[in-house]
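When the chains are written out, they are named A, B, C, D, E and F in that same order, and each has its own residue count from 1.
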Amino acid sequence: MSLSELSYAIDTLFILVSAALVMWMAAGFSMLEAGLVRSKNTTEILVKNILLYALACICFLNVGYQLMYGNSTPSDYAPNAYIFFQLVFVATAMSIVSGAVAERMKLSMFLIFAIIMTAVIYPVSGSWVWGGGFLSQLGFIDFAGAGVVHMAGAAAALAGVLILGPRKGKYGHSGAVYPIPGANMPLASLGTLILWFGWLGFNGGSQLTIHNMENANSVATIFLNTNMAAAAGALAAFLITRLIWRKADLTMILNGVLAGLVAITAEPAVPSVLSATLIGSGAGVIVVLSIVALDRLKIDDPVGAISVHGVVGVYGLICVALTSANASLSNQLIGAAVIFTWVFSCSLIIWWFLNRAFGIRLSVEQEYTGADIAECGVEAYPEFVSAKGR
Amino acid sequence: MSLSELSYAIDTLFILVSAALVMWMAAGFSMLEAGLVRSKNTTEILVKNILLYALACICFLNVGYQLMYGNSTPSDYAPNAYIFFQLVFVATAMSIVSGAVAERMKLSMFLIFAIIMTAVIYPVSGSWVWGGGFLSQLGFIDFAGAGVVHMAGAAAALAGVLILGPRKGKYGHSGAVYPIPGANMPLASLGTLILWFGWLGFNGGSQLTIHNMENANSVATIFLNTNMAAAAGALAAFLITRLIWRKADLTMILNGVLAGLVAITAEPAVPSVLSATLIGSGAGVIVVLSIVALDRLKIDDPVGAISVHGVVGVYGLICVALTSANASLSNQLIGAAVIFTWVFSCSLIIWWFLNRAFGIRLSVEQEYTGADIAECGVEAYPEFVSAKGR
Amino acid sequence: MSLSELSYAIDTLFILVSAALVMWMAAGFSMLEAGLVRSKNTTEILVKNILLYALACICFLNVGYQLMYGNSTPSDYAPNAYIFFQLVFVATAMSIVSGAVAERMKLSMFLIFAIIMTAVIYPVSGSWVWGGGFLSQLGFIDFAGAGVVHMAGAAAALAGVLILGPRKGKYGHSGAVYPIPGANMPLASLGTLILWFGWLGFNGGSQLTIHNMENANSVATIFLNTNMAAAAGALAAFLITRLIWRKADLTMILNGVLAGLVAITAEPAVPSVLSATLIGSGAGVIVVLSIVALDRLKIDDPVGAISVHGVVGVYGLICVALTSANASLSNQLIGAAVIFTWVFSCSLIIWWFLNRAFGIRLSVEQEYTGADIAECGVEAYPEFVSAKGR
Amino acid sequence: MQLIIAIIKPAKLSDVREALEELGCQGMTITEVRGFGRQKGHTELYRGAEYRIDFLPKIRIDIAVIEEQVEAVIDAIQEAAHTGNTGDGKIFVTPLSKVIRIRTGEVDRFAV
Amino acid sequence: MQLIIAIIKPAKLSDVREALEELGCQGMTITEVRGFGRQKGHTELYRGAEYRIDFLPKIRIDIAVIEEQVEAVIDAIQEAAHTGNTGDGKIFVTPLSKVIRIRTGEVDRFAV
Amino acid sequence: MQLIIAIIKPAKLSDVREALEELGCQGMTITEVRGFGRQKGHTELYRGAEYRIDFLPKIRIDIAVIEEQVEAVIDAIQEAAHTGNTGDGKIFVTPLSKVIRIRTGEVDRFAV
């Protein structure tokens, strides 16, 4: 036993704990989405979330990892810890998509897209930033993946939503928006709190080592900043909804939490704790405005994923230019644009092709009856009488 | 890399993991309270829980921390890890309040109180015990906060409940108590299990260092004792309810778990594992009796927070005198009395003032319709038909 | 402070974190089972899960541990950390039983059995494998307890189910199977994801040390393999149900996840990541077939515990012979047979005796009204109108 | 025999039940319904979009009574369910050609 | 045309439905209701306070039938829903002045 | 006075409500019911065992109307609830001997 072995052990433990927390985020997305869809589509969204996680692990491990990182393996900690940590990141990106396309997409089409996204699309743009590719050489900074993971997921989601169209009954004539409330608010809140918890591992673990004072201090700062950004996001979203609508809209507050988390993800270690709070507050405001704006544009996103991960992802990348000496605004914008263009175009082509070839949308009758009966055969709450009929 | 750097790293990691677990307790309180209120007040209690956590972080970081600990910073581990750990403790204290005043208090008044509680009231009494103040000099022992955190939260809650009064329909003439069952038992159970899990970090992390054999053994003992006290609390609460009412009242068992946890919090490292089990059993019995007694006194506490955290908090502080050589019964009682008096008086004044100035209670009509519609605009389970009407 | 003290600290931290994750599995079993039973039996299954955990801790600590491990205590890490880790394992075994006998067994009988199981039955067979007993000397390999914990739990469950009989209305004349859907699919999914998360600690922690490169690499491999087996189990279960019934049966996918986890538990450190994936896939297929087969045999297991933990547990033990050079098929089969025979026979005798002496089954009227009213006095979702009447 | 159908505010259910019990009514059947009428609903808000809830929770009571009791039951319900605010509800009376008690096969006045 | 309203025990629903199908009834509508009557409810316990649940879950079946079938349907329901214990429920028969099938516009005997 | 009971597809509720409002109907009461009829249910799958769901979600509308309005209301419902597929539902009309508004005590035509 030597100092360096102990250091190896502690870094491995640190990464494994972080990776476990990120794995746990799968439960966060599952519960968040299960809470925000109607009860007739709840079983199906759970199936999607579990299978996308499974597929992400298998596809990225066997294909994507190689594409993204080549054959390099770390030596300061267990390589398999690193691989596990990377796996769960891909699943996060894919989880973002499932929420945005919920309640109307065929399960099979979604799974096919998940395979391509996690095996190819994500790893390619990921390699540009984290695999030593041209964006990293340019000086584009994205510490834990506000762009690589979150905005990428949102870009794929946006492409899907554009091809798919809104849920039946969401938009009326002359700009009317008919809200479609989710069935289970405690579940949505639980999901958000799981994500808050897991995000400490997502951002903290991205430091990858903790074995000396400098790294330990960084990791601690990341934990604190991540938490403060989320808190500030919640509060800002609350204040603005209360200001505009005089009500405390829970789902907006939940989106505010997630927006704070996404925004700080781009660079959680450098800002002061006050800056992190401000970054989070900005995210909380932006996400509320963005959700309303997307609804005006008839872009139907049941859980707000495009706003939370996409719009706020870009905002987070821009913030890095303000807080980090090494970053420049232009590089951050170029990086964001490159990733977005790549993921969005690939996704658009694939969704479009799948739609032409097989149709990606449930039939009107199936959408009306609900994806649970159509795809899964069992309802989420079979014993409870629903006040909405179908 | 040196031994001391590694030690710094491992302690930092230990505190961060513990703090993350305590952060996660926010989900525990949210789910527990969301399960124990009626469905018409569920969205609002979720809003309260998330916002109080956010406010606690922001207020304590910017004001309270300074009040409580001055400018001292630790040097054996990352200061930011320590700050994060302290933040989440404050949120715990405030979570206790939200449960007790549930189903009838205005959201805005609650949030104003949360600001004052986390910025001033808690830090001041906290400084007396953990900031080197007079109670610590006296020899008052409260290892992880049975008094500083839990009883303090319960004192603030009690003051609020006294000003606020019981929920409409809870108490009838001539001492009749009309139970108002919570809407979702699995959620309440989940919340309790989250708290059980998170409490390992709450108590364990309070050791603050783990880097040598002595500390590591202490932390392990804390984990084991904390778990045993919770288990014993559950069992004792079950046995006594079964004895008295011939039924296994789930919510009493859940309160028994939490009572065991609160009781051992005062000193989890010193008692033998058998003593910890006994302390937990006592807590399980006391909490059941206390809940029934408070109902007799028409002190309406929907989740049992005052009994669990307050009555059992004092009991826990007293137990320290029995198991710990350094503690004396009189000092423990003085400490408990001082903290209670401070927090209770300040809270009473603030609640009273808020009530005079703005009214802290929802209107009768709003209470009847439910806080969800009144404050948040959306129901927690909008699709499910309720058998209770309103 | 010395290298060996730091190593002691890091191993202790590692075990405590793992143990906390295993403790958290109690929430996983609780939610899984609460989701898969009908709403009229939900409160009671929650009571059972919390009490069995409490009993397992108390009985194993005071009686079972001694039986299983004698007086040996570890010296490389804190003994209490080790004890806590062992405790939570026993609770896992017992949790398996509660699911299989759900919706029809008396609470009191279940608790009595839990005492005997955790104080005696489990520790005795456990000592043969992990306490240095004859099975370990034989060369039987069961790294983290696919046999010792999971198959043992399933054997006790099977004995219980045989004495107890199926739920009223489950099986009709001439082989008809009437499905009895669980009340809350999101809860079942949450439970499964909790188990997935916690299982990383269950398998990872079983390595017990992480302080040097070799151990750290092993632990990392275990995390990765455990995750991959679960992912593959989910996918395989999905593919086979989709193939046979053209639907994505959520509960089968959840069982596929758990089957993958159980199978890899027998030896998670040795197989390559590809082998782990294959082992998991096999488990996913087997579990689906086994569930259908048990239904044919009128063995009524509401949550699939016997298939997931029993049938797949044996499969996992067999797989060790294929991937591990030190294992032989015959030894694995002998080990499985010995444990099964011991646990099954003891359990059968006890269940049989309890049934003779007191009756272990609820009355027909109670089963019809639901265990919640009969045993606990409060319904799980008192406000929601049920479409099933009773 | 008449079947009296009363739509009332949920909060008034226990008062009505007690009033009916005092009259000697031994049975009734209730249903969760939602009513639309002069009483206006409320506005909800979800993700920045407002919408109106027009159907309000009400309780429907179905009670079969013999002719002699019709007036007394109507009066009792009206008194107990009355708050004076819109939305108090309605009472509908419809003729019954037959009533049977399933358990005993008794009919009409012996069945209620 | 008569509208037959049966209040039965939930557990008896499938028996009743089968009996009615055998008679050739092609349609019916059911509602979850809660009944108060001679059958006593049960006591629940919540946090140390006991309370009685007086309203028990029942199923209400509404079935419109032509005059010729009234007796047969009543008999079939009574037989299928009978257990002999209190709480078996009631059958109410009320006259219908008109029945319309929405899909086709057919009326009365062609509409049921 | 007649009580019109319409069983319709849930998706048609808002159309029907709007049609009735246009006619000047100021009140109605709706109930979640489940219907059995010519419209076939669907097959569900749970843990490898299939089963049929025969009762489909429907909405029941109860609306008390004065004689002069009966025909107009029936026509309005039929038109608004019509899709032409099996399962569109039924309208039942049953006589009311009395209607009372609880709030004011007004009766019959002044009460609806």
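Things to note:
One rule holds for everything that comes next: a residue touches a chain if its C-beta (ideal position, glycine included) is under 8 Å from a C-beta of that chain, and two chains touch if they have at least 3 such contacts.
To keep track of the chains, here are their UniProt names: A, B, C = Ammonium transporter (TC 1.A.11); D, E, F = Nitrogen regulatory protein P-II family.
Being a predicted model, the structure only gives us computed values, none of them experimental.
With steps allowed only between chains in touch, the distance from chain A over to chain C comes to 1.
The pair C-E is the one among A-D, C-F or C-E whose contacts match those of B-D for more than half of the residue pairs. Separating the centre of chain A from that of chain F, both taken as means of CA atoms, is a distance of 44 Å.
The distance from the centre of chain A to the centre of chain E, each centre being the mean of the chain's C-alpha atoms, comes to 51 Å.
With each centre defined as the average position of its C-alpha atoms, the distance from chain D to chain E rounds to 18 Å.
Listed for chain A are residues 3, 6, 10, 13, 17, 181, 184, 190, 245, 247, 249, 251, 376-379, 381, 384-388, each touching two or more other chains. With touch defined as above, residues shared between interfaces to two or more other chains in chain E number as follows: 31-32, 34, 44-46, 50, 58, 94-95.
This structure has the following touching chain pairs: A-B, A-C, A-D, A-F, B-C, B-D, B-E, C-E, C-F, D-E, D-F, E-F.
Taken together, the chain F residues at the contact with chain A in this complex read 9-11, 13, 32, 42-46, 50, 57-59.
Chain contact summary for the complex, chain C toward chain A: residues 3-4, 6-7, 10, 13-14, 17, 21, 38-39, 181-186, 189-190, 192-194, 196-197, 200-201, 204, 210-213, 215-217, 219-221, 223-224, 227-228, 230-232, 234-235, 238, 245, 247-251, 253-254, 257, 273, 277, 381, 384-388.
Residues of chain F that touch chain C in their complex: 34, 44-51. The part of chain B that touches chain A in the complex is made up of residues 1-3, 5-6, 8-10, 12-13, 15-17, 19-20, 23-24, 26-27, 30-31, 34-35, 42-44, 46-47, 49-51, 53-55, 57-58, 61, 77-81, 83-84, 87, 107, 184, 187, 190, 375-385. Listing the residues of chain B that touch chain E in their complex gives 177-181, 241, 244-245, 247, 249, 251-252, 288, 291-292, 295, 304, 387.
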